[in-house]
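Input: structures, listed below.
Look at the two complexes coming up: subunit A is in both, with subunit B in one and subunit C in the other.
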Partner chain A sequence: MLSSIIAHIPDWLVFFQAAIAFLLPVGANYLYNILNAWGNTGRFTAAAAGRNAAHKDKTALSASQPSPSSASGTPFSGNYAADLQAIRSAIGSNSDLHFREFPLTKLHTKGTLIYVDGMQNDRLLNLRIMEYLMFEATADTLASPLNSVPAMPFSDLTAAADLTAFNRSVLFGHAGLLIDGMPHGLLIELPGGANRSVTEPVSEALLRGPRLGFSEVLSENTSMLRCQGFSDGLELKSYRIGNQMQKDLVIAYMKDIVNPELLQEVETRISTIDSDFLAESGYVEQLIEDNWLSPFQQVQNTERPDRVISALMEGRIAILLNGTPFALIVPVTFSMLLQSPEDYYERWLPGSLLRMLRFAAAFLALMAPALYISFISFHPGLIPTELAISIIEARQGVPFPSIIEVLILEVSIEILREAGIRLPKPVGPAMGIVGGLIIGDAAVNAGIVSPFLVIVVAVTAISSFSIPMYSAGITLRLLRFAGMLFAAFLGMFGTILFFLLLCSHLTKLKSFGVPYLTPVSPFRLRDWKDLFFRAPLSLMKRRPAMLKTQNDRRKSKV
Partner chain B sequence: MVRRTVIVSLCLLFSVLTSGCWSSKEIEDLALYTGLALDVGEPAPVEKEFEEKGGTYSKQNKVVATVQVVPIKSASGSMDKKGGGGGGQQKPYSNVSGAGDSILEIFRQFSIRRDRPIIGHHLKVIIISAELLKRQTISQLMDFVMRDNDIRPSTMVYISQGTARDTLTSDQPNEIPSFHIMGMIRNQSRTSKVLSPVTLARLDALTYSKRSFVLQNLIKGDGEVEFSGAGIVKGDTGHWIGFLNQEDTECVAWLNNEGKAGAIKAYDSSGEPMTYEIKAMDSKITATADGGCISFSVKLSSEGRFIETWNDQDTSSSQEFADNAGRIFEAKLAKMMQALLGKLQNEYQCDAAGFGDKLAIQQPAVWKEVKDHWDEAFSKAKIEITYDLKITDFGSFTE
Partner chain C sequence: MFTRTDDKITASQAAVFLNNSVLGAGILTLPRGVSEAVKTPDSWISILLSGVIVMLVILLMVKLSQQFPGQTVFQYAGRISGKFIGGLLCLLLAIYFVVLAGFEIRSLAEVTLFFLLEGTPIWAVIVPFIWAGTYLVCGGINSIARVFQIILPISIVVLLISYGVSLRLFNLDHLRPVLSDGIAPVLRGLKPTVLVYTGCEVTMTLVAFMQQPRQAVKAMLAGIGLPLCLYLLTVLVVIGGLSIDSAITSTWPTIDLIRSFEITGFFVERLEFPLMVIWLMQMFCNFCSFFFQASLGFSQIFRLKLKPVIFVMVPLIFLASMVPKSVGDVFALGDAIGNMGIALFILIPLLHSGIWLLRKKGVKQNG
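Let's look at the complex of A and B:
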C-alpha cells in the first residue's frame, strides 16, 4: 500500500521544477508591486486626491466668474506711487517690460500702461487705448456702477486681485493699467503672442474628413470644439495647473451624456497633479494614467477636433492643455488605437475592411519577426518545403543565428525611422533611398542578412505605419523586440507565451475604470458592432455600453 | 528591501539566461530529406570502400536506405546563383545510401558522414522496391516512418519495379526527383492510370486491417520515371505478389470510383483507331450473398466525347453512329475489366479493388464470416459487370 504510493511520488527534480514554475510568476509579481509602488510616489493616489484638491483653484468658463484670489498674494496698497514702485521692484528688471506713463487729461491725473514686448498689438495699443485713456476717459468711466470693474470700453477687462496676480498676468502678456486714484490694477487686452495659423493635422492625416487641426492656443482649440455644432450640452471646465509656471487646462464633456462618476474621477486626477510645469499634454497623460508600467497608452492623444467631439458624443472626456495641439481623450480602449475617423466617414463596407486590415497589420507589426525567428530557428517543419529549401539556400552565407540577424536589420530600420523624423524635408526622400538601398540590397549582398528577412522586416515596417495612432505604433515597435527575445529563447512556444502574456496584461489593464479590452473582455456583444468591423450607422443606435453613459440613445427613435 | 528586489530580479534573469536558446536549431544547419528509397541490401560503392577500410558495425544488410537530401551546400551560399550562370550544371540534390537492418540506425550512420543533421519533416515520397517487398513485409519496412513523429502522415508510398534508388535520380538539371514524383499525381485529372496516392495515414489503416491493396508502380527508363501500373501487396502476408499493367490500373481506379478522366481507344470495323474521352466515370457495386455464394453486380457508367478517329469516311454525328461506336468502346472496356478480374481472382487471388469494402457495408453478417479468408472467398465470388457508355458529343468538326 505504502510502497505503491511512494512509487508515485516524483523525484526531487520534478519538485525543483515545480518550485521554479511557481516562484517565477510570484517573483515577477513581487517585482512589479515594488516597482509600481516606487513609481507611484508623486502621482495621484486615492488618498492624496482629497488632500490636494483644496489647493487648486478652479473656474467654470461657462459661469464667466473671475478667478477667486489665491490667499498668497500681496494686496494693492491703493497708493499709485507705492504700487508702481512695488511693481517695478518686483518685475521691473525684465528688459522686455515697458512702463508707459501718461497723463489722463480729462481727469487731471496720471496712469501707467505696463506691457511686455511683442505680446500686444502695438498699433491697437497706441492708437486706440492710449488715445482713449489720454483724451477721452472721464471720471464717470472710472467709477464702477455695476461691479468692481470700471465702465471702460474694452471687451476684456478685469481687475487684478493683488499685486502678485497682476505681475503674473502682465508677464503672461496682458496689458496692465495702473491709474492714480484707482485702488486696483486693471488688466486689459488678452495676450496675443506669436502664433501659427490653423493647419491640417500632421500626425493624423486623412483622405476624407475635416482638414482642421488643433493649434497651440487653448481658446482657439475650445472654440473649434464649440464650432462643431449647436448644443448646450458641451461643457468646458478650466483648471490652472503647475506650481512654478501655471498653465490653463480645460476638460470638455457633454454634460447630459457623460457618466458623472467618470467625470468625478477625471477631475480628481487632474486636481492632484503636482508638477512645477506641464510642457505638453504628454505630461498630463503620464501623471493621470492608471498604470505607468504598462507599455500601452491609457490616454488617447489626438490633433483632430472631429475625433474629440465624436469621443465626447460617446460619453468620453477630453482634456486640452494650453500650448499644445494634442488633446487627450479618456478613457481609452484597445480598439480605439486601431480606429481612424475615416472608418466612419467612408461607407461601412470599406470602413470595416480597412479596420480589419489594420488589426491584421497590427498583428504583423507585433509578431512577424518573432514568427520568423521561431520558424527559422526552431520549427523548420512548419515552412512549406519549397520555401524551406530556398530559405536554406539564401541563409547559407549568413554567419549569424536568426535572432542576431533580425536584430541587426530591425535596429537599423528603427534608426532609419528615428533619423527620418528629424531630417529636414529636402533630405528626407534621399535618406529613404539611401536607407532602402544600403540596408536592403547591400546587407543582403554582403551576406549579413538573408533576402527573406528583408521581406519580413519591410512588411513589419509597412504594417506598423498603417496604425493610425503614432503612439500605439511605438508601443508595438517596443513590444516587437520583446516578442523577438521570447521567440529566440523558446521558439513558437515562447511566441505564444508572449502573446498570452500580452493578453493577460491587457485584460487586467484599466483606463479610468474601463477595462482596456472591452468589449472583448468583459464581453459586451452590443459594442462588437464597432470593434473589428463597423456596422452601418443606422444600426448603431446606442452609445457604447462600456462607458455607462447617462443617455445612451443615439437616435430619437430606437 | 532593495537587496531583496535585486535578488528576485537576478533570479528571474538567470532563469531566462540559463535556459538560453532552448532547442534552437538554425534551419541552414539542417538538411531536409524529401525522398526515401528502400532497396534490397547491397551496400553502395562508397560504403563498400568504407567497409574495406574497417568502417563497419554489426549488421546483416537486409535493406539499403537512400535519402534524397536538398539543397546541397554550396561553397559561397546564395552568391553564386547570380554570378555563375553557366558554371557547371550542378544537381540541386544529393542521394545518400546506407545498408543495414534498421532504418533509423542507417539514418544515424549518415550522421557520421555528413556535416548537417537530416530532418524528416519534409519527406514527400517513399519508394520501396518490389524485390525488397518480396522479402520483407510492408509493415516491417514502414514501422519506423509511421512511428517517427517528424515524418508526416501525408507522405506518399510507391513501389518500384527496378531499383528504388534509381527513381530518385534525374537527368534534368534543375529538378529534384522526389518533387517530380510528388507532382505527378496532379495528372490524376487527366488519366485514371494515376491512382490516388497511398499516404502513410492510409497505409497505416490498410496494413492494420490486413487488407490487400495496390501501390502505384514506378519504373525508370533513360533518365525518366513513369507511373506504370501498380504493384499488389497481399494483405495477410504483407508481401508484394505481382504487378498490374496500366490498363488494369485504370480499371482498378474505375472500380474504386477514384478515377476522374481518361481515354478508351478501340479499333473500328475497318481497323482504324478511334478514341473515347471519358468526361465522367462512375461505378456502383452491389454485393449479394446467396447461401455460401457471394456475388457482385457492378454497374459502370460513363459519359464522354467521341474525340478522335482515323477513319476519314465515318465523320457522322448520327445517333446510330454513336450507338455503334459506344458498343465498340464498351466491348473494349469489358475486355479490360475481364483481364483485370482474371488476374485478381485467378492469378493473384486477392481483392485489391475494394470489393471487400462493399460487402462489409452491404452485407455485414456475411462479411463477418468470410473476412478472415476473404481473399480466397473473393477468388470464388461471381462478378457481373454491366456497362453504360454514353457518347454525349463529337467535339467540333465540319461535316
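Let's look at the complex of A and C:
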C-alpha cells in the first residue's frame, strides 16, 4: 500500500513544473492589479464610482462652471473704463483681437464691440449690429424688466457671468459687447469659424441609406439628430469638459425610452473625466470605458446620424463632442460591431445573409492564419490527403517554418495597409497593385512563401475589411497575431485554447453594465431576432431586452 | 437594477452548468467501459436505468439544498451534522473535486497527445490549459456559466452531425439480441454507467447560486437529462456502428468510429477533427466547473477569499493530474473516482438528508 503510494508520488521535476504553474498566474494577477491601479488614475473606475457618488455634487459643480479657477474668477466691476482696461490687460495682447469702440447716439454713451478675426460674419457685424447699436438702441432696450439680459433684438444674447468667462468666450469666437452703464458684458453672435461642408461619411460608406455624415460642428451634429424626425423625446444634455481648454460635449438620449440608471451611469462617468483637453471623441471613449486593458472596444464610434438615432431608439445613449465627426454610442455589445445600418434598409433576407457573411468573415479574419499554421505544421493528416499533398509540394521550396512564413506575409500586408491610408489618392491604387500583386507574386516565385499561404493571407485581409466598424477590424487584426502565436506553439490545441481564452475574456467584459456577449450569453432569446438573423421588421416588436428600457414596445399594438 | 452586482445565475444557466459538468470524458470512453462490464449489446438499457438513478440522486440533492437557501453544501453541511464531521466531509468533497479536475485534464492530455500533439511533453499541454481555466474561473460563476452557454450549442450541433453521418455504419444487428442473457448483465453495467455522471455533485452548490431556487428541480433535471440523452445516443451509435467486440478493444471507441469512414468532397475528410475540437472545449468546461467547485469548497470551509484559493488550486490540480503514470493508471483513477463519488453520495446527501429529517421531526415532536 505504502509502496504503491510512494511509487505514484511524482518526481521533483513535476513539483518544479507545479511551482511554475502556480507562479505565472499569481505573477500575472499581480501585474494586472498594478497595471490596473496605475492606469486607472485620472479615469473612471468601478471602484471609484462609489467615491464619486459622494463627491458628485462637487464634480457636477465644477462641470457646470467654466473652469476650476472660475471660483475665483474676477467679477465685472460695473465700471465701463475699468472693465475695458481689465479685458485689455488680460487678453489685449492677442493680435487677432479687435476692439471697436463706438458711440450709442440715442443714449449718449459709448460701448465697445470685441471680437476675434475670422470667427464672425464681418458684413453682418458691420452693417446690422453696429447700425442698430449706434443709431437705434434706446434706454428701454438696455433696462429690460424681464430679466438680467437686456431686450436687444439678437437671438443669441447672454450676459457673461464674470470677466474670465467673458474673455474666454470672446476668444472662442463670440462677439462681446461692453456698454457704459451696463453692469455685465454681453455676448452676442455665436462663433462661426471655418468648417467644411457636410459630406458622406468616409469610414462607413453604404450603398443604400442616407448619405449624411456628421461634421466637426457640434450644433450642426445635434441639428442632424433633431432633423431625423418629430419627437419631443429626444433630449440633449450639454457639458463642458477639459481643464486647460474646454470643449462642449452633448449626451443625447430618448428620455421616455432610456433606462434612467444607465443615464445616471453615463452622466457620472462623463463628469469624472479629468483631462486637460479632449482632442477627439476617442479621448472620451478611453476615459469612460470599463476595461482599458481589453483589446475590444466598449464604446462604438460612428459618423452616421442614422446609426446614432436608431441606437437611441433602442434605448442607448450617444455622446457627441465638439470638433469631431465621430459620435460615441454606449452601451455596445459584440454583435453591434458586425452590424451595418444597411442590414435594416435592405429586405430581411439579404440583410440576414449579409450579416451571417460578416460573422463568417470575422471568424476568418481572426482564425485563418492560425488554422493554416496548425494544419500545416502540426496536423496535415486532418485535411484531405490530396489537398495536403498539393500544399506540401507547393511549400517544398520554402525554407521557413510555417509561423515565420505567415508572419512575413502578414506583417508585409499590414505595412501595406498602413501605408495605404497615408498614400495620396492618385498614387493609392498603383501602390496597391505593386504591393499586393507584384510583391506577392515575386515572393512566391522567390520561394519565400507558398502560393497557398498567399490565398490565406489575402482572404484574411479582405475579410477584415468586410467588418463595418474600422476599430473592430483593428481589434481582430491584433488578436490574429496572438492566435498565430498560440497555433505556432500548440497547433490545433493552442488554437482551441486561444478561442476559449477569447470566450472567457468576452464573457467577463461589460460595457456600461451590459455584458458584452448579450444576447448569446446571458441568453436572451428575444434579442436573437437581431443577431445572426435580421428578422422581418414586422416581427421586431420590442426593443432589445438587454437595455431594460422604460418603454419596450416598438409598435403601438404588440 | 440595470447593472447586476450579485453573482447569481439563471435557471437555464444552472442547467447548462450541470450539463457541462457531467458531459465530458465519457463521450469518448463510455462505450468501452459499459461494454466491458455488460458484454451484451444491452448497455443502452444500463444507461437509461442509471440515468433514472442519477436523476433521483439529483432530486435528493436539490431538495436538501433548497432547505438552506443561498448556502452551498460547504456551508450547510456543518449546520446539519456538526462542525467537525460536516467540515471533514466537505473537505473530502473538495479534495474529490480537485482529483476530478486533475483526472479530467489528464484524460484530455492523453487524448491530445495521442491524436493531436505526438511527442509534446505532457506538462506543455496541461499547464497552459490550467492557466486558461484559471483566467475563466477568476471571473466567478457567472462568467463560467456564460462560457458554457456559448460552448454547449456548438458541441451539441457538432456531436449530432458526427453521429448523424456515422449512421451509414449503423447496423441494427449489432444491438440485437435484446436481453439475451436476462437482466443480470444490465445490472452489472450500472456501476460503470453511474460513473460517467460523476460531477453531478455540483448540484449541491449550484442551487445556492440560482436566482430563483424554486426552479431548481426543473433546471437540474433538465441539466442531467441532456447528457443522459447524449450518452444514450453515443452508446447506441458507437455500438451499433462498431459492434460490441471492437468497442471493448479500442481505447477511445467514439473517435475510432468517427475515424473509420471518410466523407469525400468535404473540406475535412473525417469528422474526427471537429469532434476533437468540441470534445476539447467540452473538457475545458468540465475542468473549469470542477476547478471552480474545488476552489469554492476550500474557500468556504476555511473562510478564505476565493481568488487566492484559486491560485493555490493550480499546482494542486497539476500534481493531481500528474499522479497517474500511464493511460491504464488514468482509467484506474477514473474507477477510483467513481467509487469515491458513490461513497460521497452516501456520506453527504443521503446521510445529511436523513439527519436533517430526523432533526426536523424531533423539533416538531418537541414543539
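Just so it is clear, the second predicted complex is superposed on the first by the 502 of 558 C-alpha atoms of A that agree within 3 Å, B and C clash if a C-alpha of one lies under 4 Å from a C-alpha of the other, contacts with A are read in each partner's own complex, and residues count from 1 in each chain.
Here is the rule we use: contacts are C-beta pairs under 8 Å (C-beta built on N, C-alpha and C of every residue); 3 or more make two chains touch, one makes a residue touch a chain.
Because the structure is a prediction, the values reported are computed rather than measured.
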| item | value |
| --- | --- |
| Partner chain in contact with A:501 - subunit B first, subunit C second, else both or neither | second |
| Which superposed partner A:20 touches (first subunit B, second subunit C, both, neither) | both |
| Partner chain(s) touched by A:134 [first = subunit B, second = subunit C, both, neither] | neither |
| Partner chain(s) touched by A:408 [first = subunit B, second = subunit C, both, neither] | neither |
| Which superposed partner A:535 touches (first subunit B, second subunit C, both, neither) | neither |
| Superposition-derived comparison: subunit B or subunit C, residues of subunit A touched | C |
| Which of subunit B and subunit C A:482 touches, first, second, both or neither | neither |
| Which of subunit B and subunit C A:385 touches, first, second, both or neither | both |
| Touching partner for A:491 - first (subunit B), second (subunit C), both, neither | both |
| Common interface residues of subunit A - those touching subunit B in one complex and subunit C in the other | 20, 24, 378, 383, 385, 490-491 |
| Subunit C - residues contacting subunit A, complex | 1-4, 10, 12-13, 112, 116-117, 120, 123-125, 127-132, 134-136, 138-139, 142-143, 145-147, 149-151, 266-270, 272-273, 276-277, 280-281, 284, 307, 311-312, 314-315, 318-319, 322-325, 329 |
| Residues of subunit B touching subunit A in the complex | 1, 5, 8-9, 11-12, 15-16, 19-28, 30, 32, 34, 70-71, 73-74, 76-79, 81, 119, 121-122, 124, 150, 179 |
| In the complex with subunit C, residue positions of subunit A that touch it | 7-10, 14-15, 17-22, 24-26, 29, 259, 261-262, 265, 378-379, 382-385, 490-494, 496-497, 499-501, 503-505, 507-508, 510, 512-513, 515, 517, 520-523, 548 |
| Residues of subunit A defined as touching subunit B within the complex | 20, 23-24, 27-28, 30-31, 34, 375-378, 380-381, 383, 385-386, 388-389, 391-398, 401-403, 447, 450-451, 488-491 |
